[in-house]
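Following are the structures in question.
Below, subunit A partners subunit B and then partners subunit C, in two separate complexes.
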Partner chain A sequence: MSVSQASAVIDFKAVADRLLPAGSSYDSCLACGLCSSGCPASGLEGLDPRRFIRMAILGLDAELTSTPWIWTCTQCKRCAQVCPMNIDVSVLVGHARSMWPEEKKPAGIVRSCKAQMLSDSTSAMGVSPEDFVDIVAETAEELRHDDERFAKIEVPIDKQGAFFFVNQNSREPAAEPEEMRPLWKLLDYVGADWTYGSSGWAAENFCMFSGDDAAWKAMVEKRVDAVNALGCKVWINTECGHSFYTLWKGVERFGLKPNFDYASLVTYYAQWIREGKLPVNADWNTKGIKFTLQDPCQLVRKSIGDAAADDLRFVAKTLVGEENFVDMQPCRSANYCCGGGGGFLQAGMKELRHAYGKRKFDQIEATEATYVLTPCHNCHSQMEDLAHHYGGDYRVVHFWTLICLALGILGADERKYLGPDLQDVGLPQ
Partner chain B sequence: MNPEPRRITTDVAIVGTGLAGFAAAVFCLDRGIAAVQLGHAGALTYTTGYFDLLGYDRGRSIDDPWRALADLGATWPGHPLARLPRSTIEQAFRRFAEAIGDLGIAYVPPGATNVRALLPTGLAKTTSSIPRTMAAGAAALAEKKRTVIVDFIGLVGFSAKEFVTNFAADWPGLSSAHIGFPDLDGGAEAYPEVMARALEVRATRERLAARIRAVVGDADCVGLPAVLGVHAPDRVHAAMEELVGVPIFEIPTMPPAVPGLRLRELLEQAMPARGLRLVSQHKATRVDLRPDRIDFGYRDNFGEVVIEARTAILATGRFLSGGLVAERSGLRETLIGLPVEQPAGRGDWHRDDCFDVRGHPINRSGVVVDDDFRPLDHDGVPVHPGLFAAGAILAGQDWVRQRCGAGLAIATAWRAVDGVARMSGR
Partner chain C sequence: MNFDADVLVIGGGVTGCGILRDLALRGIRGILIDRGDLNSGASGGNHGLLHSGGRYASSDTETAAECRIEGEILKRTAPQAIDACGGLFVAVEGDDEGFIARFAARCAAAGIDCAPLAVDEVRRSEPAISERAIAAYAVPDATVDPFRLTIEQVADARRLADSLFLPHTEVTGFDIDGGRIRAARCRDTRSGEARIIRARQYVNAAGAWSMAVARLAGCDDVRVLWSKGTLVIANTRLTRRVVNRLRTPGDGDILVPGGTVSLLGTTSDTVADLDVIRPTPEEVDRNIEEGSVLIPALAHTRFIRAFAGVRPLLLPTGGDGDGRKASRGFTLFDHVAQGLGNFATIAGGKLTTFRLMAERTGDLVAARLGNREPCRTATEPLPALERSSWTEPGHSARTWFAAKNPADSILCECEMVPKSTVDAVLEMAPGAEPQMPLRAIGVRSRIGKGTCQGSFCAIRVTSHLYDRGTYGGREGLGLMRDFLAERYKGTRPVLWGPQMPQAELAETLHCGLLGLDLIDARGQDGEPR
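== the complex of A and B ==
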């Protein structure tokens, strides 16, 4: 993939003057290389963040306008996090993406964005509102039938005035609806007043990654309108990393007017555990199975920061036992991107994505953990793929799975991501 | 999302996340003082990992830093380290090195004399306290041990051949080897950070150890660029020594290097776990000196935050970290607008000879403080009773040239925390 004749050469100096954080500029770059040292995309397509900035300083705008490296940068913002001068390459990459002719952009990302535009669902997997309602109803009916403790569970859609508006990554309704059941069970368990919306329910937003600002805005606007229309107090982003960023950043960037707060489900997991509403512990982990944790860049470094990292660890340690929890290094806001973000998973650049993910693989291997917990679908898919590619012996699991396991309410057919060691543990009696 | 600023109240706000800021945080926690520390990534990451106390003055290396400190007042009147008693400097320096060890990176405690520690270019420098993973290198140099220095194909920032060539006259038993690092030996540029992370994986250690064993020959020890893990380097170091079968030491590499990453990541993770409230991604953008407190404002993704602090320690560094800025009209302190002691005009900033052993006047510029290390206004009166300063922002020192950066940061942080403790009643 390349752009031989980009439609317009970008004046990166002007873009930087406009977009870089206050107080940082090209002029202050020391060329120290901390950005490149800490960037998993360094060396891919012959470029790295330092070279990107140096080339921009030298006015090599035509080369930067056309480099495919911008599709290997996941815009994870780690360069800015380690840069003493706070130079944020990711915003320049975002702008460069927006300037590529659509037909030259990675088709998978563009296709995902276009799918989101098809209906009010905003689903990148093309699940229509009608399909979503049907899938939820069918899956809920199966749950009521299969598990008598949830024989009366309600899965509300478009419930006016519900406290929480809960979103859902399309992967579940489209490909593995049984994975929604643990989420519903725990929402039911804590007695949450919640609803899905038939409009704006989907979590993902590939229009942000494809560099299509108008489409990004349209997606966020539709979601904000949907929550406003139902009068919900809090929009909860479920276990999907970039969804949270794309909403709050979109609201700020496009001047939208939400009448609600936004929160990550992780924040509520922690709160419900502290309040005793989710009485989980690690008693089930009698074998001392080791777990590590992946901090999604979009949720931690790019959005909530250390508060989210703290909540993630509190929940994880409560679930698996402090002695069975091993942090990967680096972690929290300093964590490396796994390489699943930024549309990389959808971009069809498998070899480059695997090379990018080698650092993540090493991080996980260094923990010698059997499981990686993460509240992000892109992280989840990428880390699973890395295990297959590099021969790792770990599995990746959602929080909702472990929470229900610890509560003794995880059904036998809700264990897709658990290994043989946990297929029979804590099965409902 | 939140229209009203969120407010954090604290005993002390520590502004800056370099060595002085973190040293102040360590000392505050020791004394039970509630501290909020804020700052963005700073110059700490550029360190060799060595903690210099006072290594160099007037063109000469210093073997006995304590005697040199005692003499400092005569040659550098007003030098911050000359204004502190030896007991304070010693107590602060020892405590900090010990604290870093407790947090997770073991250091050889500072001794009565300086050690000659290795630099990546094949030179030695006088310093006081060095990481355990590097200790055998200073000993190997002192004892002229038969040593093989190993570097890696594609590695940026370190050349074993250069190291050996420059030490040849001084260290006869030295040789070099150039080998491939597992999975990074294709010739592409590779950073020490990547190698260090990879060596945290057991299988990578075993593969690399096999390659090192093949080039050890009759050497008594092996010198490696500093790549023995970022997290828990002592564990990786011990594991590699066991696998290779001879003592191994690390040599710091050119930035971006691992020793600085180790310190930053360690402090950013371990200090909050011990009670520090660390705001590591933001710089203070607004200050309000009130009669009974000092407010610092910053903005995060959720809006405005105001830290209401009874006292504050300004540890924002000099030019690199942004504590001072050099403008056409002169030097300016960036956060509060404190008076800056500086040469009369731009023409006086530098001497004609770049390598003049006396250094350059601009590099002695900074904030003037009283004996409690409180910044003074133009009339020589403390700007605020609860405002203290520490580290490179202080006037009257040239820490780079004098190799006294850590000593300056740590000892003045201790003194600033003394003042904070008095005001906090602790």
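== the complex of A and C ==
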């Protein structure tokens, strides 16, 4: 894939001068290459972040305007994180994406964004508000029926004045509704005053990745309006990375007015454990099963920073036991992107995506862990695919699965992502 | 090793190279020598400005007209080395209104195409120009790549007449007998070896060193004023066109685009010693202080290096020694009055007029050799060579990116020069030799010319040269150190802003990581610096 006739050659110098902060434009580049050394997209399509900057300085605007490399960069900002001059290549990549003719952009990303525009759901998988309400109601009914402990559980939608507005990644209602149940259970367990919304409920935003600013704005506006309309105090982003980043960044970028705070579900997991509301421990892990953790770039490096990394580790270690937790190296804010972000999973560039992900695969293998915990759907899918492609024997799990497992409330049919070693552990009495 | 040729040309600047080709076009084989390398003197230490003549229109109509004519010829015959970007003369509030008022007429007198422009129109097309601008004229200024000019002339002379260029070869004396030079006694400044070069005619085109060379032949008629000029290079190109200050020439009043960068200059200070030519912070400050009046962005732009050259200006009898007032004209000395029949010196002049200087010299030398071929450099196009286009900013990068060959790794990241370019320079660039210093590779490519000023590429290229067996012992380390020391000479006067962390990074790499400050290897680059 390439653009043979880009509609207009981008003047990257002018773009950098406009979009990058003074003193951190590419004119400050020391050519040190720290960006490239830490970029899993280095070498793909002959490019890397330093080369991108150098080519911009050398005036190779036509080449940069049309290179498909911009779709292999996941905009994870690891280059910006390590740059001694604070140059952020991802901003230039984002601009280049926005300038590609719509029909030349990777169709999967564009399609996902278009699907989000179809209804008030903002769902990239095209789940309508009515369908969402129905699927939730049916799944909740099944849960009440199947599990005596949750015979009276409520899954509120559009509950005016609820304290938390919780969003929902489309993958569960669309493909695996039973995966919503662990989350509902633990919210019920802590007695959270929460609600879904029938509008703006979806936790994904491919419009940022497709470089369509107007659509990104429209999505965030719809979500902000939905939360504002219900009068919720805190918007909790579920186990997803980019939907968190696109919301707060979108609010900032487009000057929107939310009447609520935003938080990651991970922050609340940690808080509820500390408060004793989620009395979890690692007693179930009698076999000493090893776990590692993937820090989603969008949540850690690009949003909350190491505070989120600390919470993730606190939750993970409490759940699996300190001695059974093995970190990747490097990790936290310096973590490598897995290659699932930036719309890469939807871009149809499988070989390049696998090449990108090799570094993550090697990192995971080096931990010798059996499971990778991650609160991000794109990370989840990519790391599973990497295991499949490169022949790894690890599995990837959501936090909600392990929390419910440790609480002894994880049903037998909520263990899709657990291996045979954990199918019978901690089953509800 | 000894050499024989029809003509020995001393000085590998643009004039010497021009003479070598001029003679070759007449079927005359020459040997060109330089104590350093191509463009070691003023030909490598200038703005790269192909004057329309506007700069001299107000003071020296003859030179101005010469510039105009020569500029037109070069645009026709060597377009590959020229960016016909056009030029502007711009005055700001407070500049001499009389000078401004006379400018168009003075240009007309020299035949220079000069069009008045509305100031707001100029600022729309060149937003970097000060809002305090009060008058502007467009002239056909252009920029020229002096490295490409010399390289292609040497290559063409080799093609035409098997003419030869010998770098790091210094004249130490002449054997004179019966009113003729019989041989030039030379020394290889790298190995120290003696060389004898025998020719029928000897031409001194040694620029700032021409007075010394003439004296070796016993001629004291050449008198040259050394006018040092310091320039600074911005990291990016600030204007599309050449921008001149519309006033009596002074410091820092010309900003010339050079591909992807801009060059600001120059100062003009008479010096007495050629061995200590280096740019100083004070000269840099002077350039920027003056330049930022016309282009305010210069006050906060990033500069990557400064460099200094020495204008070899002809000193008129009774002149007062002011470089700005000295003529930019040139003189061909036949030295007949000194009792020599086969020695000539060409001195003075400008980059823009080098071809004419070469023509006049070629006419004299050809006549002395009984060769009746006319000069053809005004009409015969200079063949554009792929192997000399590497001096063009962005060319290597573009070629490499299009080739998509991951095995051809990039050695210089700033200018994106790959291994294949370095290999090609080593194998076929004019002046290439078995053990080439980094400096010489840099002159023939873009190695070391970017933002990091050799911090990384010096190490990578040196490693590559060891890998391919070009270097064997410790001398490669010495050559790398020489190259870096020469780069630092230019970086040192611009150490503020982002160039300071750049230099600290370089120091960490070269001293901390490699310990280059401690090695005792001798590079013997041969540069007289």
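Observations on the structure shown:
The rule we apply is simple: the second predicted complex is superposed on the first by the 427 of 429 C-alpha atoms of A that agree within 3 Å, B and C clash if a C-alpha of one lies under 4 Å from a C-alpha of the other, contacts with A are read in each partner's own complex, and residues count from 1 in each chain.
Following the convention adopted for this analysis, contacts are C-beta pairs under 8 Å (C-beta built on N, C-alpha and C of every residue); 3 or more make two chains touch, one makes a residue touch a chain.
These numbers come from a predicted model, not from an experiment.
Once chain A of one complex is fitted onto chain A of the other, the partner contacts of A:Ala366 are limited to subunit B, with no touch recorded for subunit C.
In the superposition on chain A, A:Gly43 contacts both subunit B and subunit C.
When the shared chain is aligned, subunit C comes close enough to touch A:Lys13, but subunit B does not.
Greater residue coverage of subunit A by touch, when subunit B is weighed against subunit C, goes to B.
Once the two complexes are laid over each other on the shared chain, residue contacts for A:Asp27 go to subunit C alone; subunit B is not touched.
Contacts of A:Ile57 after superposition on the shared chain: subunit C is touched, whereas subunit B is not. Look at A:Pro84: by the touch rule set out above, it reaches both subunit B and subunit C. In the superposition on chain A, A:Val326 makes contact with neither subunit B nor subunit C.
Once the two complexes are overlaid on the shared chain, A:Trp248 sits against subunit B while remaining clear of subunit C.
Overlaid on A, the two complexes show subunit B and subunit C touching the same residues of subunit A, namely 30, 32-33, 43, 84.
The residues of subunit B lying in touch with subunit A in their complex are 1, 40-43, 45-46, 156, 183, 188-189, 191-194, 197-198, 200-204, 230-232, 255-256, 261, 265, 268-269, 272, 278, 280-281, 283, 285, 300-301, 320-322.
By the touch criterion given at the top, residues 13, 27-33, 43, 46, 50-51, 54-55, 57-60, 63, 84-85 of subunit A touch subunit C in their complex.
For subunit A in complex with subunit B, the touching residues are 22-23, 30, 32-34, 36-38, 42-43, 81-84, 86, 248, 261-262, 301, 303-306, 329-334, 358-359, 362-363, 365-366, 368. Chain contact summary for the complex, subunit C toward subunit A: residues 235-237, 260, 301-302, 393-394, 397-398, 401-402, 404, 406, 410, 413-416, 450-452, 455-456, 498, 501-502, 505.
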